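Below: one structure in structure tokens.
We just call them A, B, C and D in the order they show up, numbering each chain from 1.
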Amino acid sequence: MTATPEQTTATQTALQPVGGGGVVVVERKQPGQSYGQGIAKGMAVVIRHFAKSFTSRIDDKSDQAGMFTVEYPEERMELPEAYRNMPVLLYDDKTGQELCTSCFQCERICPPKVIHITQAKDPNTGKAVPAAEEFIIEYDSCMSCGLCHEICPFDAIKMDHFYELSTHDHLAMDQNKAALDRPISYYQAIAPNLWAAVEANAMKKLQNNVKRRPGNIGVAPHMIGKTQKALPTAAAAGAGAAAAARPKTPVAAIGKNMSPEKVARLEAIRAAKRGGATMPGESEIVAPSPVASGESGLHVAESQAGLAPSPATTPAPATGPVAAVGQSMSDEKKARLEAIRAAKRAQGGGQ
Amino acid sequence: MRAMWEFFFGVGWLATLTSYLTITTAILVAGSLVMMLLTWIERRGLGYMQDRKGPNRVGPFGLFQPIAEAIKTITKEDITPTDADRWVHFLAPVVILASTVAAFAVIPWGNLIPVDINVGVLYIVAVSAVHTVGILMAGWASNNKFALLGGMRGVAQAISYEIPQVLSLVSIVMLVGSMSVVDVIQNQMDPYGNILSWHIFTPVGLLSFIVFWIASLAEGERPPFDNPEAESELVAGYMTEYGGMKFAVLFLANYLTNFAICAVTAGVFLGGGNGPGSDIPILGTLLSVFYFLAKSLGLFFVMVWIRGVVPRLRIDELMHFAWKFLLPLALVNIFSTSLWIAIIRWGAEQGMGIAEALGAPGSIARIAVAWVVTAIINVVAFFLVARLNATRGVTTYQATPTAV
Amino acid sequence: MLKTEELQINIGPQHPSTHGVFRLMATVDGETVVHLEPVFGYLHRNHEQLGEIWTYLQTITITDRLDYFNSMINEHGYCMTVEKLASIEVPERAEYIRVIMSELSRILNHAAAIGFWLQDMGSWGTTLMFGFRQREMIMDIFESVGGSRMMCNYMRFGGVARDLTPNLVEQINLFLEGFPQFIDDFERLMMENEILLARSRNVGVLPKELAAAYSVTGPVIRGSGIPYDIRRAEPYSIYDRFAFDIPVGSVGDVYDRFLVRMEEMRQSHRILRQAMEQLPQASGSYINQAYKAASKQQGLRLPAGEAYCRVESPKGELGYYIVSNGGNSAYRYGIRAPSLINLTALNDMCRGYTVADIVVILGSIDIVMGEVDR
Amino acid sequence: MDFIIGLIFWGLSALILFSGLMVVIVKNIIHAALWLIASFAGIAAFYFLLEAPYIGVVQILVYTGAISILMLFAIMLTRQVTGEGTQQLFKRWWVAALVAFGLFAVVIVPTIWFPRLPVAERGQPTYWPQSDRAAASATPAAAPAAQQEPQPEAETPQIAGAFEIGRSFMAEYLLPFEVSSLLLLVALIGAVVIAYEERTRRRRILTLAEEAELRRSVAGLGMERPLQASAQLPPGKSEAGTAERR
């Protein structure tokens, strides 16, 4: 450390900054010459701004006068690419394969610990598969720090630009994998440069991972069975038309892909939500433009709950592989999830 | 109007009563409408001064915003604090609003004159003095330290600024020779629509205008004299514990006071509804109302403009300003007004034989001399008082700057 | 003999001008302040404890929330401390980007602080809006570079998270072009305003000796006439490369602090001009590449030891103290928050002035409760 | 017309009497003051009813607007406002009542016996020259007003107009007027002197700068004591900050 303030005070000489360099003593305006001209000057400035507000607009950023308001719902400011709001998961447009391999990096780095991942297992061998069985992010506690997106080695988790998330329903802010999935083309539309920088690497890694994924594991839930149809559309649609590229969410598909246990679990969550202050399916949020189905990305699960006759009674097709997934979940993890849910329910009940 | 009602009723007193009631209702309705317009002007004006739009969602250009707000405040729950003095708390807004509205009785809207009493100018001042009682009631009844402080401040301020306000009006009353508002406006009437006949265009009238305007800003609790409701210090001053409809009434009274100030200023100094063509029988009445409103709203815009610029004075500085700056100026102005009258109108009969040398009373030469003399006196007085205040220190602190 | 009674006035915690949730217990004699007791802690969020639980990388995200007006400088200080402990080299371009962001933060903070201060004084919104306009433009830059307007989370150990794109450089230059006009406008609007002079001259005087004794920093100590600025006293980062003056006041009153802030904005603008000119063009060197991967990892472990680093935040000297025992999170973590230290002088500054001056003096200290309470 | 005037008169009288009674009855002293204001306002209305607007206005300005405020201020500075425990009636209350009625009789008896007030009719003054414009406008001024509504003031003679009062102050009652103004001036100066003395004697809280100056001057005398922060002192005991002004 160089000089302390006390030492400087001791030397009552000319003003020397601590550490050398220039010092300027600010000029104090002395009263005694003022007959109101100071206020008059200020009034001149203000009336100039007043007049300019009618003529000039925000567009000229080097000008300090002129209307600065952006009238929000009609006019929106262009969001920069790096803008980050809430994390979402990416999947490939053509194959529906998710980029996530459930490496748990994001879960570990997440400062408020709002990411919960369950790894998928091969039903036949019981081995772990590089794909996420379930991926839950509690949006209500997320602090949008973007560390998950930064740390993800597979570029699977990205920060969304959709910010109109306000809702009365806290529990609806818990997003599962189905609600989080976004096609790559969507991300490409909102952040073309950022995606271009990582595209090659990410796609290469995805190709490697897909080889190790049996069946429909790792495919975005609503893309199961739609991949071939979606292919030409996605190919035709450019980056700009990502909204059109997003295939409609097949409502029934989600029930098919679920083990009975999971369906029951979902049902329990929904029941807890229903017990909360707001009715399920009461979508407060305007749909983000990329989600073509018109349903809010957030409320996919809920709207499904409303639309599907009754997921619990729908018999899950005994496609062997899926049934085993729930069983293969470790007890420890289940307990943890259960604890989280209990806490949520308590919270929901308190509201 | 009385004739019209007499035709309907056939009874004299009933017709008189009804015509007065009609006028009262008209004033109240017009006042409320103008108040809505004023809030709109204030917010949009401030918005544009600050490079933003004001409220622009409700109705065209946000013109219906005040209506939306009125509905909101009226439908809100009316809350009286538990420890408040119930009745006084309730009556305070009533007293404030009543005193404010009463002032409108003598303010002519162009050629439309509600009542012309021969002490109209004094009446306005007197009636608006009553609203200090309401402020004190509000401040005390709320049982809140901030409200009490705000009420005390409001009263101290209002009483202090009443003095320069009245004294500046004395000059004008002397010029006119009557205390009737109508006479004051008629005195500025020029058959050729010459605006130079307005009082503000004489040196005496100008200084009087400055003093009156500043004092009125303080009376109307406008920035920079908004100490009674100083938000950053006293939350909302005497209005702190008011909500819902009572607050709406206080708010309405506040803006009506401001409008009354603007209207009086426009009438006394800017010729009221006078303007080109305001003496044509029927069209002239409309024109005069237009002129009157244009002048008043223009003055209100100046209020908004000032609000957009100045910070708030501290309460002691505010008092010093009233007593040490405005009061001497007003007194000097009375002196120069008497000089003005003496030079222009008096002859040997009144002991101004010297002035006869310049010509008959009212001659151009006399006016010119009076102009020069009073202008010199007033300008010198203004700068002298300003300088004295600045060098002797308006602030109370004698804090010697620590030499560092 | 009129004996006046001492009265206790409670300003806050719910009050329009306490800058957050903050309470002032004022003992007044008439209108004169006899004693003033700041009561804080309403916004306590366990920052330092969290910093000991979370990993170093995670902690960056909460340093944003300390003084939420200048998150960039908070991150800068924290990253510097960790870098000092781990001996991490920072590439030159990264240093320049950091300085640019820090100085932008300083402008942002001062523009808003002066606006708030004048708002406290009763200037109805105009000054605040003009200040916020600058803040808005700077926050747009932050958003482009860091992703968020206030909680930027931009600095990383060994550099910054993202490079400056040519577009952004242009945006910053555009801002710098227009900025002097703002200062000129503002000066004409307020500098000579008689009411401002009357209200701020000789109010809240903090003599030089006492300023030093209280160890206040930032514009408060500089307003009192001590040219103490960490950028000079202990040049960190690359501040020794720029020519800039340190503005100091001559009396130490509220008015001097205002003037110092105004001048500091000019000086920040000067630094920014130089930095933008000198900014090395080598792209990709925005972060220590050798360290990038490591810093991203969860298990960034610092060697055992301790480090203290300080930066000149717009509010004063912001210091971070980290003790590591070799783990992946700090063993001990402490912050010297300038707002808190400057607040300690409030009582002495307010004594003898009126109640109305309290808010002006408090505004002139420029506190952010996020930093005071942590 | 007479009927309605009578109605207003009796209504006002009832209001004034009632509020006058309430002033004595209510326990809360602030309420008493407010009732007093109400009775002042009623009296002002009486003056208006008597077509003496000038006196009415002055009544409002001076009594309702100023005197009452003064009283309210004085009351608010006192301690016991609510007057909870105070006894309303004393043992010999009838003595007070008797005195009050006696005083009232002193006022009312001449009024009843000599109902005619000695008010002289006076015309337009000659020594106050009107400006040409004002004189010319005197007639047309009434014209538009008359179209709107009647002007009772213009038709009836002024009993106590501003002009008459001003004239009598400046002519007949000049000496009393000057004496009373002198008295008020003396009172004003006295108040200033007292307040000034009070201020000098009052405990003055020194600001930091003044304190530093003080310390510096003390240091010059050789009694150096460093300036200390007083933050550690408990509230109310900030000796460092307070000093008797010399």
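The rule is simple: a contact is a pair of C-beta atoms (placed from the backbone, for glycine too) under 8 Å apart; a residue touches a chain by one contact, two chains touch by 3 or more.
No experiment lies behind these values; they were computed from the predicted model shown.
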Starting at chain A, fewest touch steps before arriving at chain B: 1
Contact-richer chain pair [C-D vs B-D]: B-D
Distance between chain centroids, defined by C-alpha means - chain A, chain D (Å): 69
Centroid distance [mean C-alpha coordinates] between chain D and chain C, Å: 53
Distance between chain centroids, defined by C-alpha means - chain B, chain D (Å): 22
Centre-to-centre distance between chain C and chain B (centres being mean Cα positions), rounded to whole Å: 45
Multi-partner residues of chain B (at least 2 other chains): 49-52, 308-310, 397, 399, 401-402
Per-residue overlap in chain D, given as positions that touch at least 2 other chains: 207, 209-210, 212
Shared interface positions of chain A, touching two or more other chains: 31, 34, 36, 39, 42, 45-46, 65, 68
Interchain contacts (touch definition) - all pairs: A-B, A-C, B-C, B-D, C-D
Footprint of chain A on chain B - complex, ascending: 45, 47-53, 56, 305-306, 308-310, 382-383, 386-387, 390-391
Interfacial residue positions of chain D with respect to chain B in the complex: 1, 3-4, 28, 30-31, 34, 37, 41, 53-54, 57-58, 60-61, 64-66, 68-69, 72-73, 76, 127-134, 137-138, 140-141, 144-145, 148-151, 153, 158, 161-162, 207, 209-210, 212-213
Complex interface listing, chain A residues touching chain B: 31-36, 39, 42-43, 45-47, 49-50, 52-54, 65-69, 71
Chain C - residues contacting chain D, complex: 1-2, 4, 6, 25, 27, 29, 32-35, 37, 202, 205-207, 209-210, 213-214, 252-253, 344-345, 347-349, 351-353
Complex interface listing, chain C residues touching chain A: 54-55, 57-58, 61-62, 126, 130, 133, 136-137, 140, 143-148, 151, 153, 161-162, 165, 174-175, 177-178, 181-182, 185, 188-198, 201, 208-209, 211-212, 215, 221, 225-229, 232-235, 243-251, 255-256, 259-260, 262-263, 296, 298
